[in-house]
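Next up is a structure, given as structure tokens.
Labels run A, B, C, D and E following the written order; every chain starts at residue 1.
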């Protein structure tokens, strides 16, 4: 009952080569029992952090077992249980029991990556999203699934990796009581975290904006085989990003319409704002995709242009010298009776003819504009 | 808590290089507290103008503090508060208090650019639009967000820049009592301003129509590397414009269906007309986009055509002279026994052969139509 | 308060160069007062014709003032007021008063061109359509806006130009009592005229069908730079036509669903037939657009093919003669000791070698099929 | 009041050249009276066949006048009146009277081709479909409109041509009482005929499948100008076929939802099956269209590949011989003082040099892989 | 009453050449009686396996006649009747009687392939799906229709071939009582089998992922004619796969919404999960299709790039040597009076000139970057 990763090209950019493949989803062996958890060999063991707060107080503790949550869950205060790492079947199963999760929910949380979605259950909401973060100092992005389970007074969040997330600012807002997060419930907390995930797409897209802008210059000013590779890579990665944002949009939209009683109408106003951001992300993404697609056409046109330049050089040089060489060839013939050879000014006349031919052809080419460097783009 | 502008290509046309980037939206740092206003360093400080009018009178004053509005807002007469410039957090916050705006509304107004949208609140409507204006004497356009807050007896409009807008004609209509604007309420004023914004797209599009018409000539008559760059620039800017018009269409449409009680049925007839204009703008835009896309194909075909012309010249000249040069080469050989060299008419016979070969090839090329200048397009 | 026409390419076909531009819509200066009529300088002054009929009688008169209609409008008989020419603000304003038109309706009628649409008012329907007519003996079409205002017992139609329309057959049917037009009401008359407008698209499209069929031959048999221009022109004009038909389709559809009481259920059956025709027009149009788009690809492929032919000629001639020329060059060298030169059969051996080389290369090219004229398309 | 056929390209395949044009619809002269029948000059005169059956008996007669049907229509048994040929206005008008058809229905039946559609009238259903049949031993298909009028106890079918249809099998099933057609009503008969029409699309598509498969080989193995023409022809004909199937799908779908009481729920199950077949036809068609479109891209790529091959030959031969010829040229110079010419081994040294240059260049080309025949596709 | 297979290209990959064609659907001769079963000549005779189970027991038997099922069907325990092979009309007809199937249902089961679909009947559901399995050690996949008939206490599944399916794991789960399959009804069994079918698409897609990744390398690093063929093959097979998944998605979706009482709400939760998997399959498929389409563009660009390289070599070599050869030609002329020939340093001066010309041209080419190997892609 193993699971295989989808294949990867040797041309992957650093973003991809690093660790994850951009295009797969998790899948079971056909026919396997639903509800069985499959732990990847290289998954990090889970760490459990709990932040419990109400308007007056906030506590942040690291738990060693899932069962330690139970005390906090029973209180009226909001409990945010943040689990990082998917490396232990035992802990995850117990977590599922503590929070009363359906076996399929637990599978969705553990079997990453899944498509972003929102599912309503009797007393909780399951929200799956994909969090992206730009890589410092290189192209590409990290991607990681974050699963939220939102209950009446608690929020469970499960991440793949403990090292990094984009929730630090939210933790600060709770612990140092900034904004009104402490005055509100678990639904507002869920909003704040989802909003952080969505806002995380902007800097990643900004990166692609920069790469596309650089490619726009390169493709017109100095197109080469490498440019082709880079355009293809950008198109490929944007295609991957898109797969995470489209379903996210639907998920957030269905959240703003959920009437499960778990989300208050105040928070729905905030979620609508969040939905707006998702649309903006999609907007930018689709625009970049159109630009990247356009770049491929421009590349082809630019190559065709370059070819024209090369051909012009060949044609100009060849067609000027070929007739001259012919004339020289004629007077290199060894016929016994060739009157021109005896003329005193024969040699100079011959030069004159050759120069006349060359000049005529040059004039013809000049009139056709073949001597202008039509590859220059910057003057008007 | 800084905010970064999206990247920009070195090939940007003047329109873009000038000041703004066409493809970004404002975004917060992931995880930042919602409702915090971020003021851009180069934003101009806000100026507040108030025009208060009813059927009988109209007053136009410049206010120094937002609180001065309050007196005017209490009356039955229509108050148009026009704020230009987003450079002071303090003033904008106080403005929000005076008009009772939700923190998220204030953020949408200040954090420009946002996607055009309409949002309904309890006692006011928020209408975000993007205003475009053609630049005098150069390609491209200025773009600026205008936010309207429409209440029972007031209209608040917030612009990014104080220097320019397209509302001058509306101000005149109020102050000099032209048309029926003075006889109607704040809803009609909102319509008049939105209509001015939408009509502002037409001259900008007209500009692109002209550029496309010029490119149509250029791409067929005299395609060069610069043409490619220009086509790409037009496609790129139309793509940007499109992003502002599509959501505008939905926003206006939702206005004509709003049943908030803030917009009277008389004004809805006018808004339907306004919606028609938006559709027309979109129509023209999409047509131009299709034309611009078609131009890229034409460019590629024209380049391919040009290459054919170049190759024909090379082929004609080469294939005519190469056999002749060969013949000359043969009689330049130094074999001791070459009977032709001794013939009295050998030299002239040789010329005859060469001319015969050349003539045959010329005939062959002429029959294939290679001597016609197939690059000419104007005769039929 | 002027209005500008959208720009035009120098490559326009006669259709366009003649008078109108295909891609604009009328637009006001941003901020101008709605309801003001703007008269174009070159508009022809309006002429008013009235046909009043019932089952028994029919009268056809030319009126000099709009007010003369009033007598006819009061009767039960159907009055068709046909106004041609938009050149007088005064007459048009008075017309609006006679028929009780909303200022925006009058604007839509006068400010041509507008998008086809149907609008319902309290006691009349506004129907805007675009009428096209093929030009005799040249490519392209005339286009002209026709606005219908349908009331209980009258139909007002307003055209741009008095010289031509496609209503002559309908006038005959009324005056000579052909078919059942005299037995029915104003709604049937409106149907008959709209049907004439829609049927008018067929001959125009037929024209494009012919041009595409001719281009199909040209692009495969004899592609040249002119072909490219022609394909682009067809695509461009079809794009323009499409803009008039798509909204027309929606307009007619909404007519068949209108429940204003102005259109009887009998006429709705006829309008459904009319809607069917619109769909057929669209069908043909989209098919032609696909064909025209396909032609551009075929053109590119055909150019690429042509290039191959050119290159083959160059390659065959060059590669056959270059080695032969080399051999000739070798024996043109002046080394003192070159034994071959002394051989009695040296010269003939040399020719033998050259012919052997040429024959080998010819065989090689023949086996590759480079001697077949692969540009021929008609035998199988 | 003539009607014109849409234009036709000289490149049409046999399918098209034979008789009909694939892209037109019938249209009236603009403004002509609705309800007038226009008979094409080359239409065959109608023949009327009647098959009357109930569970016990079946009669098949050829009628000479439409009025002879009346007796059969009055009985409870199912009467299938099959009219072939549209060449007599008189007979068709009388037919309309016998069956009580609306003038517009009669027009739709006679003015072929029309778009497939279903229309409900008070006591009958009008079903228009297009029947296709593959041509024996050649490419292409025959197309013919079949109109069905389904009443309570009768089915009227009108075909364009008497020679051929695909209903023979259904006639056999009735006359020889195969299956349950005799036990059921006119609705089942209508289903059986429509099903035969739809199943008739499969063999036609099979034909295109074969042509595409052949083109797939041709385009990769041996692309030529003829291939281009053939691909375009297939695309063109599939485009035409598509126009007949898309509206058919909607028509059948609306039949399965009709609640006119004319179609029993048992037959609706059969119609759903029939709808499934339509979807399958569409599925295959769209797949073939995508394949054909893909082929155009492959063609372009294959041409580009072929050009590369040609250029490689030219480049290899030219660049090997040009330097050698240069060397030969050098030692053909006539300078008085050229020491090499005097060397006893000068000639052989010169050959050595030339061979060394050639070998170096060959090695360079071999390393680049230019000697492999990269046009071969069958080994891996 | 034969049925023909759709045509097949000679270029098919092994996947296709093996046995089945990817693009056909089964079709009857037009006009044939619905409900007649057509048995393909090479169909294997059916084998019937029955697994009967409840929470306590499970029995697995091989039946020799369909009628043996009847005893099992009468009990409360779940009976899974698995029929493999469609080679006997008699047995299939009897099977239809045992399970009370409508003749059209039986036809859909036997006449493979059909489009995936779900149909509701009075007391059973028909579910048609296509099962794919990767071929071991070669490209491509096997495809086979599986039809499910779900009743209250039984599930009938009919497969085309007995050798292979992807249900082994489910059989084990029943017989060895793994998971909760034994505790649940026939609806859960149906879910488990459908889930196995859908999960079976993942490994097949993984295969294509690998082939695309390999092609991404090949197309950029070493494009050849074979690459073109391979890209086309991948596009073609993905197109085929897509035809099986799109309708599957709708089928599963309609299952989750069925209210036939045959599917319990517990199982609907599982089916929603199953639907999610279908979406993921589609997601991956569409992504791969976009990548494959992109590859064709990249191929074209890469070919164009390669051509540029070839042309550069030709141009550099030709344009360097042609002027030099000309100079050599000049001094090979035999004029009596050519002063240079007499100069003592003439020969060396001539060499100097030739080298100067070559060096100038080399410098010119070097400055244009034509000596860089622009085909290398791996360094930055």
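Quick notes on this structure:
Throughout what follows, a contact is a pair of C-beta atoms (placed from the backbone, for glycine too) under 8 Å apart; a residue touches a chain by one contact, two chains touch by 3 or more.
Predicted, not measured: the structure shown is a model, and the values here were computed from it.
Note on connectivity: the fewest chain-to-chain touch steps from chain C to chain D number 1.
Any chain bridging chain B and chain D, meaning touching each of them, is among C; the list is complete.
Taking each chain's centre as the mean of its C-alpha atoms, chain D lies 26 Å from chain E. With centres set at the average Cα position, the gap from chain B to chain E is 42 Å. Residue positions 300, 304, 307, 311, 314, 318, 322, 325, 329, 332-334, 338 of chain A each touch two or more of the other chains. Each chain touches its neighbours in a single ring, whose members, counted from chain C through chain D onward, are C, D, E, A, B. Across the complex, chain C meets chain B through its residues 4, 6-11, 23-25, 27-36, 102, 104, 108, 114-115, 117, 119, 222, 224-226, 228-229, 232, 235-236, 239-240, 243, 296, 299-300, 303-304, 306-307, 310-311, 313-314, 317-318, 321-322, 324-325, 328-329, 331-334, 338, 340-347, 350.
Interface of chain D with chain E (complex): residues 166-170, 173, 178-179, 181, 192, 195-197, 199-200, 202-203, 206, 209-210, 212-214, 216-217, 220-221, 269-270, 272-273, 276-277, 279-280, 283-284, 287-288, 290-291, 294, 297-298, 300-302, 304-305, 307-308, 311-312, 314-315, 318-319, 322-323, 325-326, 329-330, 332-338, 370, 374-377, 380.
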